[in-house]
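You will see two complexes here that share chain A, one where it goes with chain B and one where it goes with chain C.
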Partner chain A sequence: MSTVDSVRNRLDTLPDVGLVIGFIASIWAVMLVLAIAVGGANWANLAAGFIGSVTVLMGGYAILALALNLQWGYTGLFNIGIAGFMAVGAYTTAVLTAPTDPAAGAVPGLGLPLWVGLIGGMVMAAIIGGLAALPALRLKADYLAIVTVAFSEIIRLVVNWNGLAEVSLFGVPFGTGGATGISFKSANEVASTFINGVGQPIVAAAEGVGVSGPNLANLTYGILLLLVVAASYWVLARITNSPFGRVLKAIREDETVTQSLGKDTRRFKIKTFMIGCALMGLAGVLFRGQAGYVSPQQFRPTITFYVFAALIIGGSGSNTGSIIGAATFSGLLFYLPARLGENVSLGGTRAPGNIIDAVAGLGSLDPLPLLAYTISNISTLRFVLIGVVLIYIIQNQPDGLLGHRNEPATSVSLDRPQSGSGGETDE
Partner chain B sequence: MSEPDAAPRQETAVTSDAIESPLLEVDGLRKEFGGVVAVDGATFSVAEGSLTGLIGPNGAGKSTTFNCITGIHEPTGGRVTFDGQSITGLPPYTLANRGLVRTFQIARELSEMTVIENVMLAPGGQVGESVIRSVTPGLRGDVIEAETAVRDRAWETLEFFEINHLAHENAGNLSGGQRKLLEMARVLMTEPEMILLDEPLAGVNPTLEEKLLERIHELRREQGLTFLLVEHDMDVIMNNCEHIIVMHQGSVLAEGDAETIKSDERVLEAYLGGDV
Partner chain C sequence: MGIAEFARDGRVVMGDRPGAAVVAAVSGFLLLDLVAKLAGTTVFFLGTRLLGGSLTVGSLLSMVVDGLLVGLAVGLAGIGLSMTYSILDFANFAHGDTVTAGAFLGWVAAYITAGLGTGAPISELFMLNSGRQLSTVSTFLPVLLGLVVAGIGSVAVVLLVDRLTYRPMRNTDNISLLIASIGVALALRYLIAFVFGTQTSGVASGGLRVTLFSMISITDNEITLLVVSVLLMLGVHLLLQRTKLGKAMRAMADNEDLARVTGIPTERVIRLTWILGGGLAGIGGYLLVLESGTISFNFGWILLLLIFAAVIVGGIGSIYGAMAGGILIGLVDSLALIWLPSGLTRASAFLVLIVVLLLRPSGIFGGVSTA
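Presenting the complex of A and B:
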């Protein structure tokens, strides 16, 4: 109780933007400390690598958590097909932007500019989301969960299917690449071109302290992704802090009442579902397709579970909480333990081969074997950690870190108007 | 969906009392749940601007009748007419937008939303309910303007029901009586023509009850609203309603003013006799 409470109390006193920036900066600081501790002379390059990777992860999960927060946190729409809608966005962008004359053996695409591809991916994810939601939303809430998970698997199987690996429509060849996937001009390349062009002085400075070009490009990409997070947050805050958002909250609370107050709840639910799926599609390409390559393996259902974990930790129903939860989950629970395991060793103690030997050490009051075992198996054990944190949160703080806050669903201050002055403000 | 085969049994007793200028007409309404016939050919009308009472023993079918009128349940048979137009089987939001709203027997506040959010949800046709308008900078001016007006009206309504001190409280933290007031405040914000009240006084303390009834009369006088009131407290019904409908086992047993109802043998029997 008390640890989370004290974190929460501290979180509550900061304004939201400061809160998010401070939180992300602390995670960067942790990565920096780790890099200095284990990197030796190479610490700067290691730090750039750590911080770049953790930032991309945090950015990707933040967009996904924001999207799920709109659907599930605000509206109560239980979407467990996130991976599928990400795949729709990623594949659509890939097919639209892949070169018409690819390297030998690769699938051609339509060769359109990246921005067209990104918009196309979002639109397609929204359409597929709408199709999934349309029949299910007429029925009880549980059906949506079933339909979304089914859609997600169908999508993965369809893109995996060789029949669509390369097809030709009106003489234009394109395809999904089947199980081998598809390559396209990635957003990462754009970041790399950008930093090597306009950012040349930065590149020179970075190389001076030993940061490699690819690590710097990755870091640049992470920061660009955070800008996308900021834009998504801005849009979603406007959507949710409005009469539209008020209806969404009401649907989550009691759909029958909302209908009885004159709201055609199905239209609200479908719109919301489509907006959320569009954002998931965007995350699909920017996050999973970062390297300019997508394949069916990148869209397995585990990612859906991770996004739920991030949102539950941060606080379902809060946009700020979504970002904090995404950063906590991806930075502290997912990324950090893996890097710790790789880079930390316990002097002379060799890690025992199995948990029995590790625990046996405790009998002779020697905790080192267990510690060594834990560290060397941390990439596996972090899933236990994630589970433990989730159980702890659900048991003790079911609202997550920030879900207890009321972000009023309105576009104006709700305080009683002072007679005489029309002192209402936006936000 | 076939017409109910069982014609209203008390046809003669009921229709003789025809109402001029009815706002709501219910004709042969029938609702079955599996084998249970909850409403069995109920027929009655509610005059425009009236405060009509709907009474009957527990399980008589009053709440189910409300649910069928307001589109929560699809009736198995029969017709409902509002303001001269058939509204049978229309969804709740269409009815609400036409001015027919209801409160629930067990208050259904939106508990994780504040009281003022609950109330501000209700007005129909809010421009900010369009995503595009709420997000796009240039279009948002209208939303802010409308939102300010809704907020001001919300405060007035909360003051009218004397729950303004709870405006920023989560609705889930309200007492039973306060929730009933909130429900009333909320439906009023839709600017309705007619309100169906399902036991709005249950769980409300006597002082609050007086106040609520006062409010109802005030709304009738000043805004010409029509009320159909379900209430188990006979005295409340007899003292406040000029027209009373008695339901029993899914159909209308008797209808008339307080004097008529009080002297009706069948009503007494229904209330005292248990299974007739």
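Presenting the complex of A and C:
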């Protein structure tokens, strides 16, 4: 039995909630150990900073992976335009909630409250997703992939275009801010309001052990994101366990059969696509717009591929797997190497400025320069690692960690009952 | 054909394929607008400018030349993508980074040979930041050597990648292969960034500028791109028409199992596909850098969608389609400036890609597999 199988068996014995909480807690523990190891006297503040950042990342990627899992894992819609739908949601919220009287040089918005902006962003992302899906769903999976990625680039180029930076409609000025981006009322303010209001005792307690205010606010925001993840998970579990969800699984198994059973599969696919896009739009504003600012640079197609990596690690087809994959990806592959690279030093050996100087050390049998160069460039190398992990998983464990749980489309199991190695069983 | 018949045909097209009719109407309008702009007249309708404006023939021609040059390199790179798409049946998202890898290997070779003896330290030369600008006229031999190294280097890269990644998964579905290629793209791109850094380096600039017909101004580097890519396309044409390889590739694209039963060594054909496609991609990247003058670790990745557009517009699997699609997309990318603000020209090329995929997924030439 391979190690992956044994990990998988152990994962299977735990209930899903325990599994997810245990996973997130162990990533927090890793961060805590790292902070204690490198932080010295300041370890508590460093730990709060690490854990806060990693929680925000885990939350953001978990929402995105859940949305993608609904589209790809349940219905087989290969959408690689995630970045574009995130941009639609984030920009809609930004335009709706940006103040009408901004600071000098900033773009005015409509000044609506945040909750209106969030709903507006999700609705707009769903509408744009539906418009994209309407013609595109006829296409083969790989063509759909290319159409969606091209579509997401078009969206990015349009919001980047300075012609839309500031426009006026019916006398109301608003805009996207072009390449400089747009500032708006961010969900982060909710976290800071909480901390500065009801949460004052917590702040006082935290400052007692040396945790700074911004780090605590960041951590609070991360936990708020995890609550959004839990809510999304609940909604998606409701959807996928409903008769609607059964049709989605049936479409994934065999679309022709589903059609011949009288289901209008196109409608189901478009609806699924729209729900997923709405969730992506929400993640766009909550995750990328955390600081109350969005710019086109944040919505390059690479983020789409990170979400794919997260989902594939977790196993497409499983909601629990999506969250665990997102935690593994963002905690262990994306965040941890970068922090390690920053904080590990090779006593005295300064990293050479380029690879030639680094390799030159090998000539005199001194591997330290190359090692130092590698460590200082680890934030680049982690992407190589992510690529290699992706290839390894797709070659050897295409189900990821939990993808084997892929629920069947039927409500009763159609597998043959397990019997011994054949022959009579009641001897 | 009588007028009545023509009109009926037109109505049939309008009714059966409204999308095609819209595309025809839009292109007709743009053409009319272009003519009006060239003539320098403006047509007003109900007080708003309907079409027209001003555009000189000279600036139109220089846009055409720009588009043609980019299009030729994109077409060259697209040949490989089209071939792997039809023969291995998957969209290779790592193709753009093959372009980058070939370009870097070629330019390092060119830069070091050109810099030998000038006293510049080897690490500066290797990192492409000694500040020297190469051109075909002033440093002919290094540029030529770089071209060859770019081709050979990218062949080595794709063969290694195929051996490690795609060969163990020959019989898996095309989405798994696509995802694996995304992994390859990430790994390759950031390995390049690890070795060469993430800065943009200026490595080439035209050494000589000639003016043709007293209207078009073109540099020696651009002429090199033109000549080399046309020669290579001609070479590919001859290779596929005069050798058995072309026939074998066609057979494999059609039905791999049948091809194997007929005695075609499929694995060898796949290897030759990678060699041909990878080499052309590397050379295409090298030539693009020669033309644009700058190189950075993600230029191929950014170019990838444009290459996809070229391949899909020309029809997946068709090598002549990839060449023509490349030129067409290059022209769209550059000529869109006549109608659109400069921030949106690239979006128009992607829009062409989407429209073609939706209305005519087999490509504008009707999907004749000419490989």
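Going forward, the second predicted complex is superposed on the first by the 371 of 427 C-alpha atoms of A that agree within 3 Å, B and C clash if a C-alpha of one lies under 4 Å from a C-alpha of the other, contacts with A are read in each partner's own complex, and residues count from 1 in each chain.
In the analysis below, a contact is a pair of C-beta atoms (placed from the backbone, for glycine too) under 8 Å apart; a residue touches a chain by one contact, two chains touch by 3 or more.
All values reported here derive from a predicted model rather than from experimental measurement.
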item: Which of chain B and chain C A:Ile394 touches, first, second, both or neither; value: second
item: Partner chain(s) touched by A:Val384 [first = chain B, second = chain C, both, neither]; value: second
item: Which superposed partner A:Asp142 touches (first chain B, second chain C, both, neither); value: second
item: First (chain B), second (chain C), both or neither touched by A:Ile356; value: second
item: A:Val235 touches, of chain B and chain C: first, second, both or neither?; value: first
item: Touched partner set for A:Trp161, first chain B, second chain C, both or neither; value: second
item: Touched partner set for A:Phe308, first chain B, second chain C, both or neither; value: second
item: First, second, both or neither for A:Glu153, with chain B first and chain C second; value: second
item: Chain B and chain C contact sites that coincide on chain A, given as residue numbers; value: none
item: In the complex with chain A, residue positions of chain C that touch it; value: 90-91, 122-123, 126-127, 164-165, 168-169, 172, 174-176, 178-180, 182-191, 193-198, 305, 308-309, 312, 341, 343-344, 346-347, 350-351, 353-354, 357-358, 361
item: Chain B partner contacts - residues on chain A that touch it in the complex; value: 235, 238-239, 242-247, 249-250, 252-254, 256-265, 268, 271, 275, 317, 406, 408-412, 414, 416-417, 422, 424, 426
item: Chain A to chain C touching residues, read off their complex; value: 78, 135-136, 139, 141-143, 145-147, 149-151, 153-154, 157-158, 160-163, 305, 308-309, 312, 354-357, 360, 377, 380-381, 383-384, 386-391, 394-395, 398
item: Residue numbers on chain B that touch chain A, as the complex places them; value: 70-72, 91-93, 96-97, 101-102, 104, 108, 110-114, 116-117, 120-122, 124, 126-131, 134-135, 140, 143-144, 146-148, 150-152, 155, 164, 167-168, 170, 186-187, 190
